[in-house]
Structure formats: structure tokens, C-alpha cells
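Got a structure here, written out as C-alpha cells. Questions coming.
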Amino acid sequence: MIEVDEESGNFAMKNKGISSIFQGKNVFFRIGSVITGALVFLICLSTVWLPYSPTQMDATAKLNAPSFLHLFGTDHLGRDIFSRVMEGAGNTLLIATCVVLIGCIIGTLIGSLTGYFGGMADIVLMRVCDSITAFPSVLLALVMVMLLGRGKYQIILILGILFIPSFARVVRGEVARQRNLNYIYSAKLMGAGHARIIFYHILPNTISVLLPTISIGFNNAVLAEASMSYLGVGVQKPDTSLGGMLAEAQSYLTSAPYYAIFIGLVIVLMILGFSMLGEGLSRNNATN
Amino acid sequence: MQKTTILQVNQLNSYYTKGSKVFGKKNATQVLKDVNFELYRGEVLGVVGESGSGKSTLAKVILGITNEYEGSIVHNSLRPQMVFQDPYASLNPAFTVERILEEPLLIYGKYGKEERKRRVMEMLENVGLSEEHLKRKPRELSGGQRQRVSIAAAMIVHPQLLILDEAVSALDVTIQAQILDLLIRLKKEHNLSYLFISHDLNVVYQCCDRVLVMKDGEVVEENTVDGIFDKPQHEYTKQLLESAQ
Amino acid sequence: MLDVYDLHVKFHNAKQEKEAVKGINLHMDDGEILGLVGESGSGKTVTAMAISGLINRSQATCTGEILLDGVDILSCDRDCLRKLQGKDIGVVFQEPVSFMNPVKTIGKQIEESLVIHSNMTPAERKERVLYVMSAVELPNPEQVYHKYPHELSGGMLQRAMIAGALMTRPKLLLCDEPTTALDVTIQAQIIQLLKRVNKEFKIGILFISHDLNVVRKLCDRVVVMYHGEIVEEGKTDEVFYHPREEYTKRLISAIPTRKKRS
């Protein structure tokens, strides 16, 4: 990526754009996209086709071990675990995505405004963020569940709010750094307004710090959803999610270990896929 | 020849406050002390001084980037622009050259798409770059090319006053010479005024008409270039000239 | 004293290779001040890094020979390199601030090479540090000894860096753009200091700079580099007043001088 410039002999970096991540040796990105792609494909497939109905019980086939008929086996009510995982993973993914979206959008908004303007609002908002992070997030979430009630959408809202501080802090730091760079002064001299400077000039430059935060945030969101559903305050029956199923599988850990193992495996894959995707993207960003 | 005043600075004082705003503990350091000068149309005024002499603060105050000052600044130039020393930090790293140059035109918003494109190309050629640079990002350009883009971005709104803050200091000598030639050509073509801030006395000699020598926030000497270099009055000016021999 | 034969430095990463230095030969006598001149990308800093043994061997390959008093730096192992770096080669960089540890006092940092490479007692060490500090004209050495980097000006820090580099009486002092970040008046002082250090301590100085004015004032001989190759070499006055090569002529004529541009 280093080219010698004719004019001065300077090393000038040559940007090959987004296509370079596919050509280069970015193993992280490749593996990440394969794993995530496969999971997303299965989840999309689950909306139109499932091997079995995830709610259909079969009293003759309780806790069957994995076979060609039931890839992941069957649960204590004779339901096909693979079908339930396909649907449950969809719910988990939906919740995690929405949570990250809420956290990222509001967090970025708060972070860029406070980072750019500074002053009293900055101090107050950042202390609010600090106090949110000061409590164990599960505890705080449980308190909020008591106020808002349990259910899928409540969990999205609650976790979304809890995820705001991490994004706000990262964006705030980067914006505060960028705001004193000369190119921002240039933009001001050209007569650009505050909104234009923040959202048009500075925000594109925060991507490099935002990307890793998003991938870590996503992983945390998957885990948070799983733990909330595990505690029984997340997705409600008969809907499924990975965490809820894990809670059920717990009782059969010794008699039917594959039940919990396969569900855990899917959670692990989901997180692994996304972290590798994020790592690959940020490495690509760094070398460009 | 009749002189039109482009910039008039009277009794300018500026303070730099340190310390937290919340706890009300403030330490004010005076960065500029009673600075007075005038800049005429088509003139290049050099500002010479070492680090801490307040010359960069002067630029920022004139442009309104900081407003912690007392005194009066009157400029008759629409939208004075500035070219910074570090061409790495003065261009938005996320933008292409095209977007950087188009941005000022978009902000003033009175040009159509075709017209913007035409102006961008015209300016690009004016600073010695070509269409192939249009889609590149700052990090894909060399230092000299970056500085050319900075100059183009500043010039595209047709300012009458351009503040050059160590604009050639970070460049290699051969590139420096090219950029200085470019600046002087642009000045002649557009009848511009420059406030040329530099620590390099030889460069100042080459392109300025008058010079202000600054030390610790004060203007210690003001004269024409030849006056300063041939008959330095102030002790500090003599010292500076001697070091640069 | 220093001989470089056919030095090549190739940087390589996963994607490609880039040859930064393409086969250069250098010779330096004892007590000589040699200027290495070139614009950015000419390979002068890479050359200096190769000589000081600072090139990361996993990122670049160096071939050729760099002999310092008969010892080949390139074929040295880690231990021998450490000894060389601490004792025989002193290095002064462009921005002293970034090469100083902000939480250690100046005195402790100057002393460091003695702690590693000598058996002196703490009292002897301090005495030597204070002696060298006064030799580089740091005012009030006793006070400066206990100060932290942020409390000193750029010029003072650069003096402290030079003191640190001189501590073990190296044979070679490598200066990489030591005056570039300084004001002209301070620049002039540092040049005077380097000249004196060269005379009094009989230390050879390899002075790397893009600032031709400074090189002209300081160096005995000059080597001009361009795109990783040496284009011209000779006595300072000869190179500056009668350059032979096209590139050198271009470079010399670009030096800002008192001539009007029109």
C-alpha cells in the first residue's frame, strides 16, 4: 500500500477501498463473514421454512438424542431443538441488533453533542452515563423490568438504554479530539454551521473507533438478552430465544447434555462471528 | 498608488485561561499585548517570531476561531481563509479531494452541480493538480500535494485575505519552493493579501513586503522587508537574523 | 571508524516489499562530522536506524555490512547490540519530548545508560551526570537533575538528550534531525554545542537533516541521498558551492536564501 510519489519521493498511502478486505489476507473478516453469513442465512430461512414446527410437541419423542431426523435432538416436550434454535436465534439476533441500534444512535448523538460543545451539559450527561454504568447492568435491567413489564420489546428498550453510555463515551472522546484539528477550523472558516461540522465533517472520522464498539456492544447485547431470557424476564413463551431455551435445558444437563450444548454453541458462534467481523473491519480500517 | 486597507488591528490583547471552568480557578496568561497593524490590498505582511511569540494566536483571533480577546479587528475581506502548517491535520481525512473542494461551495449553496464541478476543476488546475487527484483522499497524497489542496480549498470562495500559518514550514525545500511560487502567482492573479506567518526568515524575505517581528506577544519591530533585514533596530531582531545566517 | 558497505534495507509486510535503502557505501573518520542530507523518503532516517541497530528485524531485512571499529552491527546478536547501543553509539532524536519518559526525572533518565553499562556507585554516577550536564551547558545542573521533562523548554530538553547520549562516551553520536523542531536562536546554540562536543570529546557525529542551512554550518563532509541512493558526496563547501549532480543542484537552489521571488 506504499507508493513512492513522483513529485517528492514521499511515501503516499494508496487506498484500495473496501474491496481490499476480500483480496487481502484478512482472515478475521473472512471467517467472521462465513460464520455470521451462515447464521443469518439459517435465521432468514426460519421465517419461510423450518424442518418442524417449533411448537409442535411429540409425546413419543421426548429428549431424543441427535439423529438425522432431529439434527440437534428433541427437548423434554418432544419439540425439534434445531427448529427451535433457528427461531430462537432469530429472536436473539433481532433483540441484539435493535439494542445496538438504539444504543449506537442515541449514544452517538449524545456523545457527539457533548464532545463538541463541552461545558455544563457535557459534565452532567457524562456523570449520568457514569452512574448508569456504576450499577451492575443486570440488576438495573431487572429494576426497569419491574417498571416496564416483561417481554421482547420491553427488553429491547431496557437494554438499549443501558447500552447508550458505552457508545456515548467513545464517540465523545473522539469528537472532542477531532474538534480541535485544523480541518475543523477550515470548515468553520468556510462558514459551516455546528450541525454540519458535527454530522458531516466529524462523524465520518469516528467510524474507526465506533466499529469495535459496535462489535463488542453486539456481543454484550447477545449475552445480555440470553441472561435476561434465562432469568425469565425476556422473550415470553411460546416465543423462543436462545437464553430462554438455555434455561429450560438446564434441568436436563445430565440426562440430555446435547440440549444445552447445541444452544450454547450457537450463542458462541454468533458472538465469535461478530467479533471476527468487527476485528476484520477495524484491521482493514487501520491498514487503509 | 492608492492603498485599500484589508485588515486593521487595533490594541489587540488576548488571554489564555487555564484551569477548570467549574471550580472557578483561572490562571490567565497574556498571549498578545497591544498588537496594532494594518494590512493593505495586494500586500504580503510577514509575521516572524519563535514559538510562544503569539503569532498563531494572532491568526486565530483574526479569523474568529478564538474570541478571548480585547481590542478591535476590522477586516474588509469577505470570508478570510487560512492555510495551516500541518497538511495532515488540515484536511478532513474522511473526504476525497473533490468533496473537500466542493464543501465551501455547498455551504454557500448558490451554485448548481455543473457550476460546482467546473469551479472545482478550475481551482484544481490553478494549484497545479489534475483530475486524477479528484477522487483521492488526503492520505493518498504527498505533503506538497496536500498543501496544494489546502490552498485550493481556501481559495475557492475567492477570499481577499489569506492567512498562511507556517504554510510551507513542514515541506521539503524543493516542494517548499514550488508552493511559494504557487502562492505568489495566485496573489498576483487575484490581487490577494497575505498574512504570512513563519519562523523562517529567509522565506519571509523572499515573499513579503513588510514584516512584523513578534516576541512574547508583542510586536517589537515593524518595517519593510529591506528595512528589517538591512537595518534591524531591535536587539531581538538582530539576534534572530544572526541565528538564521 | 564507521564503514558502511553496500547497505540495503528492505521493508516487507504481508502485501509487498519496499526497498528504502538501495546499496549505499559510507565512510566516517574518527572525530568527523558527517552530514546526511535528503528530503523525506530519501532513506536517510532508515540508514540512521540501521546504523544504530534500531530496525526491527521482523519487519525489514538489512544486507551489507556496517562496521563500527571493525564490529559488524548487522551480524550482531541481541546482547552485543545492546552493548553497542548503550556504549558506543549515542542517539539524539528530533523530538526530545517523545523520547523522554514523562514520569521520570531528567537526571534519572540521563543516568540510565550508566546504570546498565557500568559498575559505578550511585554517587559516582550522579557526579558524572552532573559533569556531563554542565558540559552540555544545562544551567543549574543540580536543579535540572530533579526536574521532569514537561518542566523544561525544547532547547533544554535537547541538551538533556545530548547529555544522555554522551554519558558513556560513545564513539559515534547519531543525530536525527536534532534541530528541526527548535526555534532558530536555539538551533544556533545546539549547533555550537555539537561542534564543541565533537572537538572536546573527540566524538564522531553523523548528522541527519533536511535543513541544508544547518548542515552547511556544522558538517565537515556531506552525503546527499535521494530515493535510497547516494547521489553526491564530498566536502561541505564543495557540495554546496560546486554541486556536480542535477539533483543536488536542484536541492541547493531550493534553499531559501535572501533573494526575491517573482
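Read from first to last, the chains carry the letters A, B and C; within each, the first residue is number 1.
Keep this in mind: contacts are C-beta pairs under 8 Å (C-beta built on N, C-alpha and C of every residue); 3 or more make two chains touch, one makes a residue touch a chain.
These numbers come from a predicted model, not from an experiment.
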{"item": "Chains most often in contact, by C-beta pairs", "value": "A-B"}
{"item": "Greatest separation from subunit B - chain, by CA centre", "value": "A"}
{"item": "Averaged-CA centre spacing for the pair subunit C and subunit A, given as whole angstrom", "value": "50"}
{"item": "Chain centre separation (subunit A, subunit B; CA means) in Å", "value": "46"}
{"item": "Separation of mean Cα positions, subunit C and subunit B [Å, integer]", "value": "33"}
{"item": "Residues of subunit B whose C-beta touches two or more other chains", "value": "143, 172, 174-175"}
{"item": "For subunit A, residues that touch 2 or more chains besides their own", "value": "5, 8, 10"}
{"item": "Per-residue multi-chain contacts in subunit C, two or more chains", "value": "39-40"}
{"item": "Residue numbers on subunit C that touch subunit B, as the complex places them", "value": "39-40, 154, 183-188, 210, 212-213, 250-251, 253-262"}
{"item": "Contacting residues of subunit B [partner subunit C, same complex]", "value": "50-51, 143, 172-177, 180-181, 184, 199-203, 205-207, 229, 239-240, 242-244"}
{"item": "Subunit B contact footprint on subunit A (complex, rising order)", "value": "5, 7-8, 10, 12-15, 119, 123, 181-183, 185-192, 196, 201, 204-205, 207"}
{"item": "Subunit B to subunit A touching residues, read off their complex", "value": "21-22, 60, 63, 65, 79-82, 84, 86, 89-95, 103-104, 107-108, 136-137, 139-145, 150, 153-154, 157, 172, 174-175"}
